[in-house]
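Note that the chains are named A, B, C, D, E and F in the order they appear, and that numbering of residues resets to 1 at the start of each chain.
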Amino acid sequence: MFEPQKQARVLVEALPYIQEFHGKTIVIKYGGNAMIRDDLKEKVMQDVALMKYVGIHPVIVHGGGPEITGFLKKVGKESSFISGLRVTDEETVEIAEMVLDGKINSEIVNRLNRIGVRAVGLSGKDAGLIKAKKKLATVYEGDETRRVDIGYVGEVIGVDISILKDLIAHEYIPVIAPIGVGEEGESYNINADYVASEIAGALGAEKLLLLTDIEGIYKDYNDKSTFISSLRAEEARACIRDGVISGGMIPKVEACLMALEKGAGKTHIIDGRLEHSIILEIFTSAGIGTQVEK
Amino acid sequence: MFEPQKQARVLVEALPYIQEFHGKTIVIKYGGNAMIRDDLKEKVMQDVALMKYVGIHPVIVHGGGPEITGFLKKVGKESSFISGLRVTDEETVEIAEMVLDGKINSEIVNRLNRIGVRAVGLSGKDAGLIKAKKKLATVYEGDETRRVDIGYVGEVIGVDISILKDLIAHEYIPVIAPIGVGEEGESYNINADYVASEIAGALGAEKLLLLTDIEGIYKDYNDKSTFISSLRAEEARACIRDGVISGGMIPKVEACLMALEKGAGKTHIIDGRLEHSIILEIFTSAGIGTQVEK
Amino acid sequence: MFEPQKQARVLVEALPYIQEFHGKTIVIKYGGNAMIRDDLKEKVMQDVALMKYVGIHPVIVHGGGPEITGFLKKVGKESSFISGLRVTDEETVEIAEMVLDGKINSEIVNRLNRIGVRAVGLSGKDAGLIKAKKKLATVYEGDETRRVDIGYVGEVIGVDISILKDLIAHEYIPVIAPIGVGEEGESYNINADYVASEIAGALGAEKLLLLTDIEGIYKDYNDKSTFISSLRAEEARACIRDGVISGGMIPKVEACLMALEKGAGKTHIIDGRLEHSIILEIFTSAGIGTQVEK
Amino acid sequence: MFEPQKQARVLVEALPYIQEFHGKTIVIKYGGNAMIRDDLKEKVMQDVALMKYVGIHPVIVHGGGPEITGFLKKVGKESSFISGLRVTDEETVEIAEMVLDGKINSEIVNRLNRIGVRAVGLSGKDAGLIKAKKKLATVYEGDETRRVDIGYVGEVIGVDISILKDLIAHEYIPVIAPIGVGEEGESYNINADYVASEIAGALGAEKLLLLTDIEGIYKDYNDKSTFISSLRAEEARACIRDGVISGGMIPKVEACLMALEKGAGKTHIIDGRLEHSIILEIFTSAGIGTQVEK
Amino acid sequence: MFEPQKQARVLVEALPYIQEFHGKTIVIKYGGNAMIRDDLKEKVMQDVALMKYVGIHPVIVHGGGPEITGFLKKVGKESSFISGLRVTDEETVEIAEMVLDGKINSEIVNRLNRIGVRAVGLSGKDAGLIKAKKKLATVYEGDETRRVDIGYVGEVIGVDISILKDLIAHEYIPVIAPIGVGEEGESYNINADYVASEIAGALGAEKLLLLTDIEGIYKDYNDKSTFISSLRAEEARACIRDGVISGGMIPKVEACLMALEKGAGKTHIIDGRLEHSIILEIFTSAGIGTQVEK
Amino acid sequence: MFEPQKQARVLVEALPYIQEFHGKTIVIKYGGNAMIRDDLKEKVMQDVALMKYVGIHPVIVHGGGPEITGFLKKVGKESSFISGLRVTDEETVEIAEMVLDGKINSEIVNRLNRIGVRAVGLSGKDAGLIKAKKKLATVYEGDETRRVDIGYVGEVIGVDISILKDLIAHEYIPVIAPIGVGEEGESYNINADYVASEIAGALGAEKLLLLTDIEGIYKDYNDKSTFISSLRAEEARACIRDGVISGGMIPKVEACLMALEKGAGKTHIIDGRLEHSIILEIFTSAGIGTQVEK
């Protein structure tokens, strides 16, 4: 594609970035289009493999919404949603777990192994990785706010990262499905952004990258010139209060804020629809997406 | 239950067995009723936990036949069988993998973790554990023998046990779903007896225990007095040739023979319907089931 | 003795205890009848071996009173006692050391090795394990209290447990004779209860077990119903002040209290005349003897 | 230079090469223009740093001819040459060592450290790295061949690579000046190509790269179309016999052949005048220079 | 004593010897006058401490004949000897063990610890160090040779040196009493020369030093000029056959020969009555005693 | 020289000193006559080798004044001095580095390796060992004090001792030339006393030995009876203030004081003209030179 000498220069220009992140842990929340389009999938795997080979320790947490919905339909189960959260009965969480752990997770692990790195799939059940409890949905009715039980939708109450440390020490790449375990051993389906956030915090990761389907945060989404390439935690909190950040971006930004609080270095909301978005963010001066830092 | 002093004596009587297996690896093929009945499940977990705590390294390989069939029905897929093997199209193997890895495996891992040991679930995809290829069914029509392609039913062509060794070294219990990966990254559903056999061989396991739904091997199944409690490899081969061993017992005994050839110490076909069958076999002089050894 | 299935249940019932003490150090003061009666001796060795094999680190400190007296007689030396302590001239301490280290200690080590664990005998001289100084006897004459020099009877002034840690790390069982070394290199015979106490404290042992020839502590030794199965340190101190604990029990309870102060977890005065008293205490819910804890 | 997305693609295209050489040792003979021109120097350092950061273990052996000559002039010492080898009296070898070890070596080490890797300078004296003996010059007079003593010009008779292994294990980059030590402790100036060859052999290096001032080997240097991009050891030997390889290329090719014999994987004569020639050779499909392999 | 500058020269002259034995194991059979005379005792301890501090691993095996005899008398037991071996009933071996392990061994350990090295006392019982069986005495009556059972006198049938290796690795000095254990757990008193020989062989010791009460071997003990300072194994065997070596020297030389066969480097019969005989042998060119080598 | 028995006694008398310094690091500033006279050189090497073999970790920092001057003359460069410091232009520092690193350092390393220890030569450039900045000379003109730029004369602003720790851990002896590196990568010639002081401090060395050409410090250099064998830091500072310590002794004493402040244990100014002065100081009770301690 390129003439060799130019290739060499590109490689050398990546050197400072490689040096900066050598030996560091980077947690990637993998989701959205990057997990759906086949061409993008392969490029994400290449990005992760490259990270690994230049001495970075990648950890992957993936979501799985659309496939779960698809599979529930297949078994003739309609999903209902309350405040954007799927009402999740026992059968639903069982199917969610099967899709997340037995299908999506396996596929990612398989792709990584085939590209020449060694990945190991985990869910929150393995070695007690993710402890969870029920999360209630919040419903607004007129002036009133109600908390509604929607079943096996969970939130993280603790992580035991010893299995991650052991696998990383042996140069494996952990790939994590966002299933948590409750007190009684019951499974919970958890938002993958939050799982990635908790794990990035507990590992003291250098970076948390959230792959999304938007370019990042805009002050005004109708005006491309208002793109925010970096904002500090307190600014982010102000943006949420002021409604600048709203809708689906709120959980993303909250995940970033929580990761920072719990010990992660920097967090990035990046556009997974771009080819090699991870490499762009980490190894070039391009500066894609929105960075949230302390 | 018992008076303390007798309990103490029982514990002391187990000492020679504990000494014998201390630091050794024992592979358990977990299947049949022991995986279906809830009371038995819990007892198997206790047995495995006890093994772990007295210094044995257990490795579990599980099957999943009935649950796969159940789930296929749920999604409206009829299973057809040729020579006892399920015709497995792409959708079927996908569902099989989801059930094996995302449901059964997860449940075992979860139960073990809850009982106080640290288990990690694996499929053949994790870190390239099980390499597989297509296995053809053999059909007998009159005098003719035909080999029929029945889809994604596989056989093991190689195992990379480094992930097992790393996990064992860190005191985790590996729990393995019998899914293999083909040359092109495709998944194969594999008979769990054979997977357990290959892994026991590659690990040089002290023992391979196959949990089944029969007491063991009889010369004549109608005559309880013809029970065979131990037979050597060559005798086992003769029994197959002579038809003494037939039907569903053939793959069990073949799995034993292959494990012995590849490096396992001893193999046992035991009755998983008995409570604490594993402990009975390993820690008492009871000598349940049929032992196949070199 | 039992049918196998019951044996299996007994083993599984021990699991919680095994989990609780796995990887912990337990110091056993071995003495009394358990060290005299041949049948009991063998059972103590089995108990210790079982502890070792389920992942506990036992450390044994033994006494030797009766045998020392016997041997002194043999060489024609009468023992005189002041306030219960043997008047110990140079020849006496030499003989005491020979009996303790060259006979009793060797026998325990030998029995353990023969039962399949690896024991190493030590006295306080090995690698500077026990530093000691002279202990004066207290004599009450009328209203007066006098301190009398009775020779080479010592008390511990310091322990260097590095040899114990090194041996434990290599999976040996240390067996310790209660001989200490003074400033000038002279030997002292020390009460084994106190030695066990000091070592349990310095090792931060999970438990100190004192094997005695009584069931434990009673409020009133004539009334079996007044048995005390557990008492806190301050209660124990009160019992001594109030005379509830008196005579030979005082040093036992003092040894418990000192071990607790110096870092041991719990202490137990148990009846060594019971078969498998150690296993009963550690691996069953029987709760024999009297426990003294913080 | 490039737009970010193209940079990302270039990086990903290097992945297979990075994977291939990860954890391998590559010995670089650094000399010629790449050691004289300031722009090239910096690029070589970048190349070496990049190698290091993607997990390769580089080892550098450098020459120093022109600077030695320059310095000898400075102190008023004329150099005379016999058969291309400098007549080297004691003062000359002392100055050669000072220039090689105290100037050139120090500068390389310094440049590498400043670019963010950790280099350590060595000569053959450090930890007994290079044992040497006198090398006689061969003079052809008419039909006669004479061996002439030209002083402290040496050849390698043994290498002790333990210091290299220790430094590599701690992630340092060894930079080696081609000074050897004789039986009596005397210094010898040795051809750096041969030193690099011996070290590559002893380390079992994956590759030996000789940076030269020519493109590689031609069958006919007047005809650019006769460039040889790869030749096997026996072919190389034939080319020397037939005179296809002659003059200054003979020692280069001999160094390659010796390295192969002693354990190196592949050897490359590459054009150090090209920017990033090392990266081009290792990380691209460009295939510069001439490769000599078994 | 000496002027400092001369002291410095002496130290430097020891350097080549220190270099030669650094990191090597040297087994010392400690016995005779060196174990009886108080001034010599202290000097032996200094010698051993010096060895330890310059990086040598000393292992000590001691005898104890005279003290055992003394103690037997004390308890009113007469010793009878057959062919130079003490008739050893159960009580005798018990006393022998007490004296060897509980008195002599303890004293050596104590002295070493007080001089600033860390010694640990062992008998053949510790961690199964010395396995033994009964040794019959040979009685010559007229032309006949009879083998007579003289009780618990043993010979080594195997050594398990793992405890020695573990202690040496942690920088302890093992001090070994020559007691072996039989099949049934019974104790045997064994000739310390043979024990030292077996241990030196099994450890692959650099040297075995036998401290004796003679200068070494003479061709003719009446003619001081016939001293043999070195002889090869086959010569030594010839000397025994020819009667040049006879009486008490035979077991010494046999111990040397066996050590050489089993893996020791060199063996030395040295005069323990000389002050600092060990240092003289190891660190000076003095060359005392008789060396037996392969 | 001595009869063997006396040699043995001398060795034993060194034992307490060997014990005291075992495993400790001792930094030696090597300079003056001990580095010029051939007989003394060899003795210093023996001293260092002996230290190494008895378990001490020596680190050597050397100077090189006279040889630098000699070589500058050779290339026709006159040296001018301001306030005792050489005016050092770029060419001068280049030559200084060549002499220090490529000649003196190499020779020391070579001598040590030949005597049987493993030395590795370093300058401040290796692995970023010594960071430096320009040091101005202080000139007194009448009442005025001026600071004058005299070129590449430096002072230490930081040391990175990781390369020293790595080499020491592998039992190498680091030999350090006093060259530092500035911000821009430029070389600085630094006073070796100060370099030794900084390194002794950073390593937390047990001792810093400065080899000089005087006996130590006198209150009055004309009166031999006023020799000071030991003084505390505050006394030393007072002596400088009062002019008791003056001239060339000031930097020596300042180096001692700085080493003490930064973490060294004790410091010694000793007379390198004495044979084996290092051994005398460390291994005998002779107490040569002046000791400065906290």
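By our rule, a contact is a pair of C-beta atoms (placed from the backbone, for glycine too) under 8 Å apart; a residue touches a chain by one contact, two chains touch by 3 or more.
Computed from a predicted model, the values in this text were never measured in an experiment.
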Q.
Give me the set of chains touching subunit B intersected with the set touching subunit F.
A. none
Q | Remotest chain, subunit A as reference, centres from CA atoms | A | E
Q: State the chain with the largest centre-to-centre distance from subunit C, centres being mean CA positions.
A: D
(Q) On a C-alpha centroid basis, what's the spacing between subunit A and subunit C, in Å? (A) 57
Q: Just give me the whole-number Å value for how far the CA centre of subunit C lies from that of subunit E.
A: 36
Q: Note the residues in subunit F that touch 2 or more other chains, in rising order.
A: none
Q: Pick one for the touching-chains graph, please: line, ring, star, complete, other.
A: ring
Q.
By the touch definition, the chains form a closed loop. What is the full order round it when you set off from subunit B toward subunit C?
A. B, C, E, F, D, A
Q) For subunit D, which residues count as touching subunit A in their complex? A) 1-2, 4-15, 18-19, 22, 43, 46-47, 49-50, 53-55, 116, 274-276, 279-280, 283-286, 288
Q. Which of the residues in subunit E end up touching subunit C in this complex?
A. 74-75, 94, 97-103, 105-106, 109-111, 113-114, 118-123, 125-128, 163, 166-167, 170, 172, 179, 181, 185, 187
